[in-house]
């Protein structure tokens, strides 16, 4: 049976499917790890071709969660779009708020005071803890250790309570604004953060002890679906997956933002790029995130949480709006026409827990963007699946998907 | 770049027999069985609601009993899912609060669309629409869950107001007119 | 035809099946409770019935323990709609759950649950029927349940159940060898008998006349055999870490994907009945059955009290072992298919053969 490698255009799904159908002549079986499946985190469809239990070909089908967020952005003002950024990488939602705000602030040419930066750093690292806990918990669950998942979710609940205290909502945080934050941190929040950090460290060590040297888990993960360094670079993989493959790239160190150059932390890098390395990298990153949060809490500067010079961009304080005419007019203009941003374009990339998330904003003046392009890290790693899955067994699929830790909200937008 | 190359030690002989790690894991789970339960047993135990919680949006009255909303429609403008629909109206000239001039004839808040983002509360120049502590809103029909003005004021109640801007405006206007009538 | 004898056996069978079904049913609730305690949550604690649940202290405690949850789940299985997809092979689809469930019950007929020492001092086994090839009968009959899984997977005419039944058939057949070889030293030690009653009778008293201070149970005399049998027991009842036949994360439901309502209930209870049978066998063969530690067989109570005490002791040991099996499920990750085969053929089987050889030598030295 000759397998000719024809190249089809990206949108020509019918031709791709037809070619795949032709090849199935009884040697291989097509198995659909369908959009609703306990192992795929979100709605990802994997069309696997199997020879016995070994995967011969893998074709991921995405788009089941496409909501047209980039198009929606063209009709909303910059501040109105922030609830939509919550729903992109919905595992650590506050990080998307921060990245978007930084991108638009770069376009506007304003910066934020140090207190705002420190608060944003704590929020980003809390989002990283949220995301890695789901990654590790679901990875353990997919390998069969169902209890690790529950222990990690208990700690996620604690971080959600922190978010609830900070901005009023556990999950759809909607916390940053262009030029600052929604509100200042409440009293006593920093002590709660430190307490949660202690709990998080304990749970991380517990799950490390339960699984990392357990031979059953070790055999499940070692050597499974290795992603080589060259492949990682060519597919555009970033974040923990790339670091596990040996690429020492972390945007917090390479292109520091939010004052990350003032914090001391290490960047874990793996050697093999297999699933075990991806586990180890995430476990170590949790430890480093806790380190960063502790430093930020101790060094929390005083001052304002917003840029008070950016009067056409950041809404004035409520008591001024209630008493003074000029602030009332500013409030009115910012609400109806949006923040007044200059003509131009800006690109900003940040180290999302899943990888490198980037926003590209094009503005033709006014308060509504002309074009907003979002790059999600999960898109790149899912595009690498046809390279790394063939050769694995069917039973490796949940382990690989768990180790990659993608989220479909980021991939499909 | 403070990179830390992760070491992957191969399994030791004891670890290769499966047993020590299995025993350690069983000990951990066995001890957890006698520990504390972390579940909050709703509805007997309610969760603690922190200050600043973003629950159901409500309309509030000021300490004088006047409804604060002046139907400026800024919240309707800013609401991302377009859950708010306001029909503006006039306050009749003979009322005690005639200087305020506007009040909503109808204020419709479709809770099926509301995403509890709080942008309406931020945009409101009167501090009339406030997201308070109600988190459990249920109904049997769609019509019940579209809240109108009366239900919103009932949920909102009265909140303290330090500024009382309309009273100040009225006092300033009276002084300027010199108490003419 | 001795109708009296037949009637007695029938009554005994009904009693045993009812009790074991109750234990297997409450094993379901017990598993959920143990799982939730391990995961720091309370577990099923709200289901209650009108009259019994209102008894002041006892009713409240039963509700919190999830006692009535089984009644709710069982009633649910009766009342749900029975789905039979159009693409299945109807006959085998319907027969498969029965074939998976009945052998566990049938194998109980040769298992002794206790002893009754009459006034003449002769101990009589409390079993439906105790005969001299008891263990062989139990192993043979409980092995038939593999066919239930295979039939379910094949008749469902769908890819995920097909995968599951292939894996289950390979796994179950491989680990039966280990069970057989791990049990042979036990039978050699008791003088070549396969009669379960005699095996338990051998285990009263203390090893080495009190020198080592251990009870004279086979788990203390031949621990490697016990370990091998325990591991193979997990594999035979499809329990984690060997549950790749029904692993939810990669096979959705495994062989019972297409099943619902009562047929699924039969599979479900069948798995727990197998687990109960395996636990009873382990406690009878290796944990001394009804022998209380450090009490020799002749010093056990006589008469009706003795019968009740012996059944109670077997029950306690079975419950402890089942709790252990459940705890293991919620602690360990799952093996992969090829690792299960590696473990069964390359590690456990040679170990069992070596173990057999060693005990043959020890026995020759002890007797010689």
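We just call them A, B and C in the order they show up, numbering each chain from 1.
Everything below uses one rule, namely that contacts are C-beta pairs under 8 Å (C-beta built on N, C-alpha and C of every residue); 3 or more make two chains touch, one makes a residue touch a chain.
On a predicted model such as this, the values are computed, not experimentally measured, just so you know.
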Could you let me know which interface, B-C or A-C, is made of more C-beta pairs in contact?
A-C
Quick check for you: compute each chain's CA centroid and the global CA centroid, then name the chain with the smallest gap between them.
A
How many Å are there between the centre of chain A and the centre of chain B, using C-alpha atoms for each centre?
26
Cα centroid separation between chain A and chain C, in whole Å?
46
Length of the line joining the C-alpha centres of chain B and chain C, rounded to whole Å:
54
Touching at least 2 other chains, the residues of chain A are 147, 154, 210, 214, 216
Among all residues of chain C, which ones touch two or more of the remaining chains?
38-41, 330-332
When you check chain B against every other chain, which residues touch at least two of them?
22, 25, 28-29, 38
Parts of chain A lying in touch with chain C, wherever the complex brings them together:
29, 31, 37-39, 53, 140-147, 150-151, 154, 210-211, 214, 216-217, 219-220, 393-398
In their complex, what parts of chain B are in touch with chain A?
1-6, 8, 11, 15-18, 21-22, 24-25, 28-29, 38, 50-54, 74, 77-78, 80, 115-119, 122-123, 125-127, 131, 162-163, 165
Touching chain B in the complex, chain C uses residues 34, 37-42, 327-328, 330-332
Note which residues of chain A are touching chain B in the complex, please.
76-77, 79-84, 147, 154, 157, 164-165, 167-169, 172, 174, 182-183, 186, 206, 209-210, 213-216, 218, 248, 250, 253-254, 264-272, 276-277, 280-281, 284, 315, 318-319, 321-323, 328, 331-332, 335-336
Please name which positions on chain B make contact with chain C in the complex.
22, 25-26, 28-30, 32-39, 41
